[in-house]
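Heads up, the next two complexes both have subunit A, just with different partners, subunit B and then subunit C.
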Partner chain A sequence: MHSTNRFKSLIRQGTSMISLIRSEIYKISKQSKTLYAIAAILIIEGFVIMSAYYQGAGIIDLLLDNLKDSFEFRGNLLNGNLIIYLILNSLWFHIPLILMIIISGFLTSEYKDKTIETVMLQPVNKFYFILSKYIVSIAFTLLIVLILAVSTFFISYWIFGYGDLVVYLDGLNFFKSDDAFYRLINAFLSGSITMIFFSVVSLTLAVVLKDATKTWIVAAIFLICSNLLLKIDFNNDIINELFFSKLTDSWQYFFYYEIPYSTIYFKNLLLLGYSVLVMIIGILIFKRRDIQ
Partner chain B sequence: MKRIYFLLVMLASLNFISGQEIDSDLVLIKQRLDSIKSYEALIKLDVDISFINMPSKYGKVKYKQGESTKVTSQDFIMLPKRGLDLTLNELFQHPFITLDRGEDKHKDVICKVINLIPTSSKSDFSIATIFMDTKAKRIVKSEISTKMEGVFTTSLDYKNDVDVLPRAIEVQFAVNSIKIPLRFLGKETEVDRKAIKQEGSKSGKIFLTLSEVQIAR
Partner chain C sequence: MILEARNINKSYGSLEVLKNVTIECHKGNIYGLIGANGAGKTTLFRILLGLIKQDTGTIAIDSDGIKPIGGIVEKPALYGYLSAYGNLKVFAQIQKLKLTKELFNQSMNQVGLSPERSDAVKNYSLGMKQRLGLAIALLNNPDCIVLDEPFSGLDPMGISALHKLIKKLSNEHQITIIISSHIVSELADLCDILYVLNDGEIIKSGSAMRLLKENVATYKIVGKNLELSEVLKDADAIFLNNSVLVSLKNINISEVLQKLVEEGVEVTSCIPQTDLKALFGRERV
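Let's turn to the complex of A and B:
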């Protein structure tokens, strides 16, 4: 009898959770900021493609300048794979910044419009409410990265075609077209974990700060500091390997000539751990705080 | 055949003008190479430069007498500026004199060593050292100091004692290392050319392996 009640309770909680997630998805789909996020991504893509179209040959020329004395080159390096790689590099700053602004708005707009008070007047569990926000934020992040990846691959190959990829990372690394495709796909997958981390951080910042402008400023500072800290050598192996900012570049490791898979797995797993930790902190703060 | 006579006449006249002997073994080797009307082969390229990581590249090499050697590939390839002139046409393009430098060993083969010194300002090299296997009538090593592109050292390996074309070619040269972040967005796009040039030069090698060689005489 006791177990049956518990089972019914679990079913109720599950149904409530699904309803909350559906409600969050509905809200996002109706908000104009979702369209702004997609538009921003397409604009970034457009800028990179445009600059590559006009300056790409010059940059490649400069890159191979020192080799021109000894070599003659056959083939085209300004191709779709290079453009995808350049757009992929927007995962350093542009894409996480857009995601952090949009995702923090999922909660701050509820505070601003006071819709959160209306929701809390309903028989809604605070834990499920904020958990559904986190789940939908992660799904939204994955959707944005997917849109970025699909549109990038499609447009880049369509305009610039296929070819070998050249990347400057600890030297000039050349990859054959099919190998480049494999590396780029995996870099997007790995990069989505980094994007999830920044999205979760931005939602937690929204939980703490409530105000949209404050959250945007702190989120931008967090992203800038994270990028700066990534480049700093702390002269300590533990900090250099375990500190969160040192884990956000795993996607870039796919462009080393020999892919260091173990490093990539380690960084991604640890970053997922950090994401869960930040999410738990956000949930605990939200649960303990009164909605005013 | 007309071409060979022309070459002999040209070399003789050069000899008359300059008063210097053109090495007879070099003339014999050139005659042998000139018997090749055309050739085709599959080519594999491997690069050994400290700051370049590149997988093996494959292509096709085609040569037709009177034309320059052509290499085609579906991939992006880097070809050395010297080393593909297997018929020595580039060296013989402008008049030169030869100097006998005696004998030297190259890969256990006693070779006759000569210097080629161009007598025309049009020539793109300032001096070349040629190691000749006089028994097999072929060149096994060359060091060409070009006017603009540095020094190229080419080592040629043959499959057997009779082949006229090599199966493996190793080209060594000096290259400047580079440090350029490849990003179009952001401040990293700025590149200090001067700093790059000042980094100094490193030695690089490229290995060319020929297979399925088809020669038409």
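Let's turn to the complex of A and C:
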């Protein structure tokens, strides 16, 4: 009897979550800012492609100038794989910034318009409500990265064709076209975990700050500081390996000649752990706070 | 009793917003919470609706329904980019209620809105938003509705329509309604029971009719040739355009009216004026 009641309660909780998630998806699909986010990403992509189209050959020549004396280059290095790699680098700043602005807005707009009060006046559990926001934010992040990746691969190969990839990472690394495709796909997958971390942080900032402008400023500062801290050597192995900002570059590791899979797995798992921790902090703060 | 809030206290830092507030509400009645701005009305409503937590005190709601209490705090907060259907869909969905076409039409008709309108709610007037907010509050048939300053910003037509709607909900659906306002005239005809909140404390409560009657200090008499009346001059009346304000300190209003008729003054109306200072304060008239 007791276990039956528990089972029924679990079913009830599950349907509550699904209802909340569906309503969040419905709201996002009807908001114009969702389209702005997608448009912003496509514009960034367009700019990279356009500048590569007009200036790419010159930059490649400049990059390989010294090597041309010693090596013979065959084929076109300004190809789709290089363009995809260039666009992939927007995961450093542009994409997480756009994601942080849009995702924090999922909550700050509810505070601004006071719709969060109307939501909480219905028989809705605060925990499930904020958890559904986090789940939908993560799904939205994955969707944006997917749109970026699919459109990037499609447009880049269509305009610039296939070819070997040359990447400067602690020196010049060359990858065969098929190998480059594999590395780029995995880099997007790994990068999506970094994007999830920044999205979760932005939603937690929205829980804490409530105000949109304050959240945007703090989110941007967080992103800038995180990128700066990534480059700093703390002279301490624990901090250098475990501090969150040191974990956000795992997607770059796919462009070392030998891919350090164990390092990538470790960094991604730990970053997911940080994401869960930040999410728990956000949920606890939201649950404890009055709605006003 | 459907709702009982007992010994509610709430402070923000050193500021005591609510002090030992107790209110009791019975099924199907309309209750008014009246008090000057900053008296603590909205804070009490937020506590009743579960938006904020009281420091001490208890709230008991006797209801088996999915949604024991619903309401609107200050202005109705809606998703401006969604239509009325979209808003009702979102708020129905989060409480696991399927918004069928029939339920949508019923909800809209109940509050006097046209189900045909499909544009975004941001285009609606405040009165229409109030109605849609009420439709959302009524989803899942709550036993009690709390409306915070529902008449604020409405035109006279809107106020009248909302009055009728509130009366209908109370009479036909036996919903307990608690309304706050700082404008006495808005609650005078509507409420069965009044609670007067002053500086975070309930200082008076009881039948709305009795409380308002006890705190009438002047009458506004409207008529023709009022300025010629000797009775009014003797009563130290204040003359306005086609009307006078008569204080009740030393006179009886029925005697004044009788004498005015004897003097040949044509009286068209006599309206009691509630002394707000007395009603909102601790002293009696």
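Here are some notes:
By our rule, the second predicted complex is superposed on the first by the 290 of 292 C-alpha atoms of A that agree within 3 Å, B and C clash if a C-alpha of one lies under 4 Å from a C-alpha of the other, contacts with A are read in each partner's own complex, and residues count from 1 in each chain.
The rule is simple: a residue touches a chain if its C-beta (ideal position, glycine included) is under 8 Å from a C-beta of that chain, and two chains touch if they have at least 3 such contacts.
What you see is a predicted model; the values in this text were computed from it and never measured.
When the shared chain is aligned, no partner comes close enough to touch A:N235: not subunit B, not subunit C. Which of subunit B and subunit C touches more residues of subunit A is settled by the count: it is B.
In the overlay built on the shared chain, the residue A:T213 is in contact with neither subunit B nor subunit C. Contact with subunit B, but none with subunit C, is seen for A:Y168 once the two complexes are overlaid on the shared chain. In the superposition on chain A, A:S29 makes contact with neither subunit B nor subunit C.
In the superposition on chain A, A:N76 makes contact with subunit B only, while subunit C stays out of contact range.
Residue contacts after overlaying the shared chain place A:N89 against subunit B, while subunit C stays out of touching range. Residue contacts after overlaying the shared chain place A:T115 against subunit C, while subunit B stays out of touching range. In the superposition on chain A, contact of A:V124 is made with subunit C only, not with subunit B.
Subunit B makes touch with subunit A in their complex at residues 50-55, 59, 71-73, 75-81, 148-150, 152, 173-185, 189, 191, 193, 196-197, 204.
Residues 46, 49-53, 66-67, 70-82, 86, 89-91, 93-96, 133, 136-137, 139-140 of subunit C are the ones touching subunit A in the complex. Across the complex, subunit A meets subunit B through its residues 47-48, 51-52, 55-56, 59, 62-63, 65-67, 69-77, 85-86, 89-90, 94, 163-164, 166-168, 171-177, 179, 257. For subunit A in complex with subunit C, the touching residues are 15-16, 19-20, 22-23, 26-27, 30-32, 113-124, 129, 290-292.
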